[in-house]
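Some structures to go through are shown next.
Next, two complexes with chain A in common: one pairs it with chain B, the other with chain C.
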Partner chain A sequence: MNPIRDAWQSIFRRDPLSTDKGKSEFVFLNVWLHIHPAKVKKDNLKVKHTFYLGFITFFLFLILVTSGVALMFYYRPHPPQAYQDMKDLQFVVYLGSFLRNMHRWSAHGMVICVFLHMCRVFYTGSYKRPRQFNWVIGVVLFLLTLGLSFTGYLLPWDQLAFWAITVGTNIGSYAPLVGARVRELLLGGHTVAESALLRFYVLHVAVLPALVTLLTMVHFWRVRKDGGLSRPVWKLKDRQSPELVAIGGAESNAPLAAATASQDKTYGLMEVVTGKPIFETVGMDEEEDAVFSYPYAFFREGIALLATVTTVMAVSLFWQAPLEEMANPAKTPNPAKAPWYFLGLQELVSHSALLGGVIVPALAVLALIAIPYVDLNPSRRPADRKWAIRAFTVFVVVNIVLIVVGTFFRGPGWTLVAPWAHLAGAE
Partner chain B sequence: MQRRSFLSWGAAGLAALTSAVGLSLGAVVRYLTPSVFYEPPQSFKIGNPADFSFGPPTFLAEEKIFVFRDREKGFAVASAVCTHLGCTVGYFQSDERFHCPCHGSVFTAEGAVQHGPAPRPLDWFEVTLARDGQLRVDKDHTVPASYRLMV
Partner chain C sequence: MERRLPQFFFALSLVALVLMLGAVWQAAAPSWKTYQEEFHRLESVGEPNAAAKSDVLNAALVIRQDLLPGLQRVDRCTTCHLGVEDPTMKNAPQPFSFHANLAPHIPAKFGCTVCHGGQGLATDQQNAHGRVAFWQEPLLPREYIRASCGRCHKEGEVPGVPELTDGRRLFESQGCRGCHKLNGVGGTVGPDLTEEGAVHRAPGWLERHFLDPNTVSRNSPMPNFHFTKEQARALTFYMLSLTNEQMGTYYSSVRLIPSAGYGRQLFVEKNCIACHNIGGVGAKNGPDLLGVAKQHSPGWLDEQLVNPQLIYPGSSMPDYDLETNSRKALIAFMASATAEDAQTILAQRSKPLTAEDAAIEAGKQSFSRFGCVGCHGLELQGGVPNPNSQGGEVPSLLHASDDYTKEEVVKIIQNGKVPPVDNPSKPAAPLYMPPWKSVLTDEDIHRIADYLWSLQKKKDAW
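Take a look at the complex of A and B:
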């Protein structure tokens, strides 16, 4: 009779971790970990396959929620208090500046990591059947991330915030028919003023985080249900992908009969229903490189978490989140720039508001969503999909070039300037 | 249950559900549309005619307007809000042009687009003489650029 051991076992009712059963139960008897499979394929854990970008994005989101809730204790979403609270956070509140920095830099990091994650998924062809819909959810999560960044941008109520949101919401008002109405709903008025601040605040701290949380759950769940992480591209070399054997059925001329159902491990309804599962099946030869999630996957995820938190903290120690003077509707700073991730958009808008601000971005989003349904090439091997890779690379490069031009090459009056003009303070 | 009654009840139920969802969505949008805007009035007084000098226009920051006073022609009021994305334009005496700091739109002294992405000219607002002798600007009434109030 050992009360401490009894109490421990009432919480963790698994076998010892020295046993295989214990390692499995560690995963699937734990509500926080059971989204993982008990075993994972060793090659899927390699950094050069995923760069852990999805994990890093998720960890940044956790940092954002934590630091954001902390900041809420000292923030009143009403001008001019909102700006005064920023000053309090900067100079009075213990760790206030540090927490604000963490929040700001994680937000930038999350936009970058979501984008890089999307690039990784594209270049490894991981959006292909059966993962098409999870790609769509990913695109929506990307848009929600931008929405969170945009709504958060107004909250400091400084000049940067005020004019970025003025320009940003005016871009939206160019949408045909509904534009002006959407802007009025978003701002709760006709100019960026106190009702706009309150609305952006509610969207930022309640509505959008809730949507992101829900969709992230679906996103993760779908990763499991679609057969776990996609196989690394180098594993597909020189032979037909096992995924295609299972899924491509009719079109594939691979020796389907040779891989009998009994030899396959499937993630599906198995004997309960008839018909082929839409999920990936894994041949017996693949089983050999499977390892237990505990400790292999958790150790690597833990490293990724530590690296993310450490990096954000280090950056936040040395770089201050910008805060300009209080918002002044009468004085537009010159140049007035949107947040950097919208500067590509602003660059387009500087040529034509309707075309650049509404039509092109809308088409770009639709194209992103359509990718898995348009690209019907079943192969994930880079050699088999040269044109898809070229097209996506053009998209990525155009985005980066537009943002770089908007950030560094645009001066007062949106005229082209040399990038060092900003450094020299030549304005 | 008869096939006929199943279909008619089903159709009625579906119609009820659709209208309930539609009405609820409409109510949500209506709820989010403010019934009262706590914004500055669109029609306001800006002071006596004598307060304004001849020559370059006077910029009223709060109201975001330029007040022009011309010896022969009289008063005219231009909007300082760029028609492109709502930034506040500045008037430069050196070239007698309005310049927008956000995307480089340039407007002539008459408000016409000379350069840049602005889709239409600057707005000109109706200016009248109130009963107490002050100038009254009405932002809800736009007028042609040639509009002048003689005082």
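Take a look at the complex of A and C:
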């Protein structure tokens, strides 16, 4: 009897990893890993397919939760203590600056990665049947990420925070009928003050993270239930590819007709569910491509995690999170700017408040949600969906251009200035 | 590739570890710890006892801070400036040297930054001295530090800081209030100066501005008053003291320093000379006050002032209901007063005015108190340049009664007046008459008008 080995085996109840059974059990006997299948398709792991952007976003979220909880120990959501606590983090808390830097830079990184992840999913056509609703959840998660970043922006209670939130919430108030009310509800008053800070804090540390966690779980679970990651576009042979097998009511579309279903292997509850489930199936010829999640997927994911963590740490070591003077409602900076990801919106608002602040963004969000239900072209091959790709590219480029203009080319009074004007000492 | 995955994974783990150590290293050696170690070495030099010496050398390195809720600040300056209250550190190099003449302003009660400026919360030199972006209160240059006395001592004379008193006097006598608001009273032509010391905490800028407004603030409508260097310095001191910050009860209780000078002022105001005399000069109804401070303790004198009946029942001295600082000031004056003082006080006592003259005098005082003289001149001669207004300068008021009726003048003071332009294609004249009806009562305005008319009468009498 070896008590240590017994204890070990009571925790990890699986065969040795050298066996195929052990490799499978490593996945499905582990509560944390069993969202993975035991085997994954080798091509799906390729970096050039997903760039691991979904994973990176999730890892950034983990960093944010961890560093955020640590920061909560030092933070009091009430002015002027909130600002003093920032100074204390900087000057007296052990690793305080590093902690705050990591939180700040991860937050910006998460906004960027969520957006890039969305682009990747669009360009590979991965929102198409059966993954339509997971795209919708993804859009909601994107909006929640913006909400998290926006609520967190106010918490340092410096000039940057105060005026960014003032401008940001003003943009929201342009919505007809409800705008002003929603703003008042969010701020707990008519201006950004103590109650706004408390409300943003509660949203930032409790409400929004809980929602993001829940929806992320659903998002992951649906990825698995929809047959894992979509196949890389270069694996789609041609227009007639029997990629998708659908059951029941689906209109007889090309894939179903072309499929010789009996030769395919499906993973599902064969004995219980009659017919074929709605998810991608693997043709016999592709079966050869499948590899065990351990070690192929897990090491790659581990590398993605470490790459994310090291990048954030390196950035946090060398670049300080900004902190300006304490918030002063009597002293408006010129120009007062919203957080960078809303500067495209602010740019639009500067031309037309109602159109730019309400109608265009509302339509943009609705259009994003509607994409999988409007784009009925079943093919995912880029060659078959040129117009969809062009349209989305225009959307992305316009967004980026607006944000760049708002960030770098707008000076006092929201006039156009060259970004290097302040360097030349024009003032 | 697959074979390399674990290698890659562990290599990245190593990078993560190195970065973690980097962060720890960055956080482990803050400069204040180095300073404290150096200070401990400095302290241990003169220590003969070996055990005590090692105690000093191995003393814990801790952040020291003065929590000052009454001044709304936390000062950590003494974390590095360890010798501030240690006279043996008189000749020690900075940041350890002793602060001479500190009492009664000890760090525990006042901190450092309220006088010196800087960022009290910071624990490294650059940040603490406030010479960083987004900190509006850097250390004040040595010659301006005394201006901070005026942050608490807002009234009366501050010993050793004549600039503050001069600045305050200049501000009121030169009519700055005509254009600038201060604590809610004043014109609207220039910026409100209530928080000027917090907004423009730049003594060099302020001083150059007073010498010639246009050199630092181009096209400023503020006329050049041709102040001397001393006057500009005094006004700069006064501006730096205007921070309008919230202060705890203790700090606001010392608005007035109970100095002998203030005591003398009270002595005149309360007309003490009507009963008392100093060294025989004055009235003989009450006791001679010469040397009274030598015969009695300050406590005794204070009690006497609080309740004159307590020690001498039936005393004819009234109870003046003076506050603590006023009593202290009077006692300080009595300790220093001489017969010559009494002589000058007696000489300055003016005859009571007639009711009419008193009203005109009140008008004159309002005229200067609300800053009318800033633009219209101390002698009402006008002449402050006002480009593109008709005549090119602010009008003289000596002939107001020739051109206007009294009612018209009252209307102009109430509602203000924008001067008619000379050339409509050029920008409007920078100076204008602000409306005063929200600041001045109708009575005040009528008195000012009466004052203007009284000058006219004087001229006619010629």
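Convention: the second predicted complex is superposed on the first by the 390 of 427 C-alpha atoms of A that agree within 3 Å, B and C clash if a C-alpha of one lies under 4 Å from a C-alpha of the other, contacts with A are read in each partner's own complex, and residues count from 1 in each chain.
Just so we're on the same page, a contact is a pair of C-beta atoms (placed from the backbone, for glycine too) under 8 Å apart; a residue touches a chain by one contact, two chains touch by 3 or more.
Since this is a predicted model, take the numbers as computed values, not measurements.
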Check your understanding: Superposed on chain A, are chain B and chain C clashing or fitting side by side?
Key -> clash
Point to revise | Which of chain B and chain C A:Leu323 touches, first, second, both or neither | key: second
Point to revise | Partner chain in contact with A:Trp414 - chain B first, chain C second, else both or neither | key: first
Check your understanding: In the superposed arrangement, does A:Thr166 touch chain B (first), chain C (second), both or neither?
Key -> first
Practice item. Report for A:Leu376: first if it touches chain B alone, second if chain C alone, otherwise both or neither. Key: neither
Practice item. Check the residue A:Leu185 against both partner chains and state whether it touches chain B (first), chain C (second), both, or neither. Key: first
Check your understanding: Of the partners chain B and chain C, which touch A:Pro295 in the superposed model: first, second, both, neither?
Key -> second
Revision key, fill the gap. Chain B residues touching chain A in their complex are 29, 32-34, 37-39, 61-62, 64, 84-88, 99-104, 116-117, 119
Check your understanding: Inside the complex, what are the residues of chain C that reach chain A?
Key -> 2, 5-6, 8-9, 12-13, 15-16, 19-20, 22-24, 26-27, 63, 72, 74, 76, 119, 121-124, 127, 134-136
Revision key, fill the gap. Contacts from chain A onto chain C in the complex sit at residues 80, 84, 87-88, 90-92, 94-95, 97-98, 158-159, 295-296, 299-300, 302-303, 306-307, 309-310, 313-314, 316-317, 323-325
Exercise for review: Over in the complex, which chain A residues touch chain B? Could you list them?
Suggested key: 163, 166-167, 170-171, 184-185, 188-191, 193-195, 329-336, 346, 349-354, 412-415
